[in-house]
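The chains carry the letters A, B, C, D, E and F, assigned in the order they are written, with residues numbered from 1 in each.
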Amino acid sequence: MTLDISECKALLYTAVLSDVMDDLGLMSQAMKPFVRPLDEGLVMMGRARTGLYMPVYDIETGDNPYDLEIDLLDDLKEGDVAVVACNGPTSRIAPWGELLSTAARCRGAEGCVTDGLIRDIRKIREMKFPVFHGGIGPLDSKGRARMMKMDVPVECAGVRVRPGDFVFGDADGVVIIPEERAEDVIARAKRKVTGENHTRDELLKGHLLREVYEKFGVL
Amino acid sequence: MTLDISECKALLYTAVLSDVMDDLGLMSQAMKPFVRPLDEGLVMMGRARTGLYMPVYDIETGDNPYDLEIDLLDDLKEGDVAVVACNGPTSRIAPWGELLSTAARCRGAEGCVTDGLIRDIRKIREMKFPVFHGGIGPLDSKGRARMMKMDVPVECAGVRVRPGDFVFGDADGVVIIPEERAEDVIARAKRKVTGENHTRDELLKGHLLREVYEKFGVL
Amino acid sequence: MTLDISECKALLYTAVLSDVMDDLGLMSQAMKPFVRPLDEGLVMMGRARTGLYMPVYDIETGDNPYDLEIDLLDDLKEGDVAVVACNGPTSRIAPWGELLSTAARCRGAEGCVTDGLIRDIRKIREMKFPVFHGGIGPLDSKGRARMMKMDVPVECAGVRVRPGDFVFGDADGVVIIPEERAEDVIARAKRKVTGENHTRDELLKGHLLREVYEKFGVL
Amino acid sequence: MTLDISECKALLYTAVLSDVMDDLGLMSQAMKPFVRPLDEGLVMMGRARTGLYMPVYDIETGDNPYDLEIDLLDDLKEGDVAVVACNGPTSRIAPWGELLSTAARCRGAEGCVTDGLIRDIRKIREMKFPVFHGGIGPLDSKGRARMMKMDVPVECAGVRVRPGDFVFGDADGVVIIPEERAEDVIARAKRKVTGENHTRDELLKGHLLREVYEKFGVL
Amino acid sequence: MTLDISECKALLYTAVLSDVMDDLGLMSQAMKPFVRPLDEGLVMMGRARTGLYMPVYDIETGDNPYDLEIDLLDDLKEGDVAVVACNGPTSRIAPWGELLSTAARCRGAEGCVTDGLIRDIRKIREMKFPVFHGGIGPLDSKGRARMMKMDVPVECAGVRVRPGDFVFGDADGVVIIPEERAEDVIARAKRKVTGENHTRDELLKGHLLREVYEKFGVL
Amino acid sequence: MTLDISECKALLYTAVLSDVMDDLGLMSQAMKPFVRPLDEGLVMMGRARTGLYMPVYDIETGDNPYDLEIDLLDDLKEGDVAVVACNGPTSRIAPWGELLSTAARCRGAEGCVTDGLIRDIRKIREMKFPVFHGGIGPLDSKGRARMMKMDVPVECAGVRVRPGDFVFGDADGVVIIPEERAEDVIARAKRKVTGENHTRDELLKGHLLREVYEKFGVL
């Protein structure tokens, strides 16, 4: 399936995608609200590439603790979104920062979402690289947590994410669109946007909400 | 009782109102700090119009899930503040967004405070409509929660709010001024502002805090 | 020991200080992420002056509830950072606000960090005085909590802070550098910054993360 | 479908039912562990009859706050289990106590599960009436919460429960068996019990866990 | 005022006291359910003697950290209940154990309630001394917390307790009866017990809950 | 080092061990109070054998999800205590139950402590096998979590545990005694027990707490 990602980012938003998935019975697609955009002005859409962390309490000698993390970063493709699952919001580590943002962008990635913390936020903001995070803090993962799996199904901020699912993020949060439903979801969302625009126009003309809701069925 | 709302908004702030109510023994009037302004530059003051939600886990057929919500919105009057109580901060729903902000403003409402989530935040910010919220997220209430009562006493972010009470919000948070105490509270707050201004002036002249506190009794 | 505070503030950041302390086995020096800067553009570094609060439920008559607080403020010295420990994040009080910021700055203090709330945030932002806080809210401490000790070891947002330790805060959070390790920590941090700059440069040239990590050992 | 409830209660247990439902892809059927049996010696199995509460902050005059609660109790049938959903574990009310236990037993009900609190626990224990609860406390629901719906789908301690689903509780907790899967689940659970018995026998003979697991595939 | 404590302990229970105080508008008198009796078979009633703790992070040299605690224990009178407020449930310390139970009983005290932890639970249970606690754990208060005030108003498990208020605890939890309302509360509670007994009798005869509720108005 | 485990279990208890370690500056050795004994009548002491879990969201085909768990169980030695770290108290899985208890006992293990849940509690209690747990629930680990490491340092209920450290559990909770300090800690604890016995005797004779504390220095 080919989606016009640029058009989606220009036309759509998480609220309308969430509503449309609700109507299709997909009611658990919005990440919990502790995940916030680092830059509320950016919109992100791409395919999920997942990494799964475990807590550790030790640094094993003769071992690169970032090994799998580096594999994931170097394997990112054009249009991918890194989904870094650390069992937030209890996570205290910042698995993502400026250097990974730089590496990811150089591979063509669209952005990152994590339920863990991030760091180097001023530099990431300057890059205009979309990062959605579960908090901000300086603690590195080394000796605290480690990526153990990549490209497996994960749960991030309460939502199941499988490699290849679509990740959409904006100022209101992040939703996951299951790959096999994406075409239908996008098509319906475009139609619903039109209804919302009509509703807004009528409300601005002073009509009561009940009249407008009865006409367009959108709230 | 008639209060000059514009003057209050220009002169007063939540901290001084909270202090004055403390002195009167009203010590539970400040909403918990998880409720934040969407726009820290806006000040809101108005009369509470309450809506009370319950969690639901189903959509009943042949039924408009937004029924009472629409009633409340269409009945808002000049100077009202919608107080939308969803049992936050555990609430996952966003009962308020751009369309309700538009409808509320068209009826003359002053703003909204909710312990639930809100959505469409970029558009609400552009409107300069004051909204104080318990988080941001895309999930609609349909099938998750429903307004069951309007214009009843509620608890919102830890504070009891009755219809007609005054709601005051600014960058520091939200306080509720019980209707029958409002005149006294406002009068005292105006006097305390003067004391705080003197204190600041003296401190800026380099006086020690103890001297200044002993002189004005304000901290 | 004499550190060039201005140079440190210009060159260093919490993430690199945290990493360097990790390497030295000091793994509990970063405050929990609920403590955030009021102004993400400011960097703060100075020596800890601590105040320790207890919850109270009453105002004792004939007694100045701010007594020790005033002592601490009036005794602040050039380069001090007030560390106000209120057992956050469960604290509901705002022990710090505009007037204390003004008093502290007049004594030459560098800033304040608290795991409690703060208030008067718009005015503090205008002052460009660095304050790192555990939330924002209007509730004064009077009748709710009281400073019982000053210049004792405290725990603030999960980190032990002793009077004289160095406090460093920026957009990513706050770290505490134990006084007796500060010289070593600072020296190592300066060297690590260089490695991170090389890493970024190589990544921007398009090198894979694995190559760059193997070359500089920095992530 | 007719299940031999007595036989199920004698042979089966929540752990084996949970495992069997896991194998069928029903992985969200066990209530969260804050729900505990009042009497760990009792086993409960029956059909769900649901009640859904909302928080209220007021007592409306001329109104019976227990109205729907009484309807549900008086309509309980032989073999029913009252499922009382109060949005636990944040609930502070005790919607169930000795008098409702007495009324429920007189109608032939099998027991009760609630994510709210219960009270009169010593008397309920003496009755040997199975009650699974989200805590213990003396606060009545009047003026704090109110049953708004009966016989609707609810969520109780993290599990969706529809009227007619089977509720099974024992010392390890509570699981919900969807009505339409019950026959299959029960049949598989009976077979798995046999495997667990063989495993235990072999372990007691001193065999290593690996050998026994490879033989019976049960852990 | 003289109450017959033995009679109250024999006739009354927390649920009926809580209901009666609700009717009088005293709706915040029941401690949160994390406070549990160590022995569910014991009933406790007596006058509050309060101690208020603060968290500390250091042991001051040449100082007895238990000083005020010993004062409170040695000053307990016949019929007193020690109310030990440690800001639970976040408290990690066990300020109460077997030795304090022994000392308290020797002074004639009726029992203890704390929102902190307790230790030596097997020995306290053998003594049949009523203790209501916020958890169980071995950590002493020394170097972690310290009693700073005695005989002041405190908050314990969400309820305000003043010296002299009545504390009543049983298997369902703990309620506080304000001293000046105690006579009225006790008298009403005795009457309500009779109504509950009638209700139970009628339910046991098989009457529907609605009939019985309409007759006695008790649930 | 050889310790007489039976003698320790008969003479010592967690509270005295915790106090003695406090005096030695080991102040983080007591597990958080959410970890409770399944049977308060049992005392457990032995050497830690650790297992570390990670959350997973998938079952990989052609793979035994219990592989490392079985290795750990089959390798337990006389006097070992299985320490099963699942990142409690947020863990929803029950990694330990009756079959593992049976297997562990057959290898000579002393008991188990986990910050996760346990299941089959009635059968484990009948076995009189000491298990300390972070809750009770029926959910198996398969598809939810997986043991990834054995015999590594872990954190369990807030305490660092290394293989070989001593684990001591009783009705008051669980403490960890670092292997290299064990001899000293045990010797001091035996002496302190004597002081506590004297204190109790004097209190029972009616002496004031202050006199007795001044004599023995024990509380």
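As a convention for this text, a residue touches a chain if its C-beta (ideal position, glycine included) is under 8 Å from a C-beta of that chain, and two chains touch if they have at least 3 such contacts.
Values in this document were obtained by computation on a predicted structure and should not be read as measured data.
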{"item": "Third chains touching both chain E and chain B", "value": "C, D"}
{"item": "Shortest walk length in steps over touching chains, chain A through to chain F", "value": "1"}
{"item": "Superposition of chain C upon chain F: rotation angle, C-alpha, nearest 5 degrees", "value": "180"}
{"item": "Interface with more contacting C-beta pairs, comparing A-B to B-D", "value": "A-B"}
{"item": "Centre-to-centre distance between chain E and chain A (centres being mean Cα positions), rounded to whole Å", "value": "49"}
{"item": "Approximate Å spacing (C-alpha centroids) for the pair chain E, chain F", "value": "31"}
{"item": "Centre-of-Cα separation between chain D and chain A, whole angstrom", "value": "37"}
{"item": "Of all residues in chain D, the ones touching two or more other chains", "value": "none"}
{"item": "In contact (per the touch rule at the top): chain pairs", "value": "A-B, A-C, A-F, B-C, B-D, C-E, D-E, D-F, E-F"}
{"item": "Chain C contact footprint on chain B (complex, rising order)", "value": "13-15, 17-19, 22, 27, 30, 32-33, 36, 40, 170-173, 175, 196, 199-200, 203-204, 206, 208-210, 212-213, 218-219"}
{"item": "Chain D-facing residues of chain F, complex", "value": "64, 66, 69-71, 73-74, 92, 94, 97-100, 102-103, 106, 117, 119-122, 135-140, 142-144"}
{"item": "Interfacial residue positions of chain C with respect to chain E in the complex", "value": "52-58, 60, 87, 90, 148-149, 152-155, 160"}
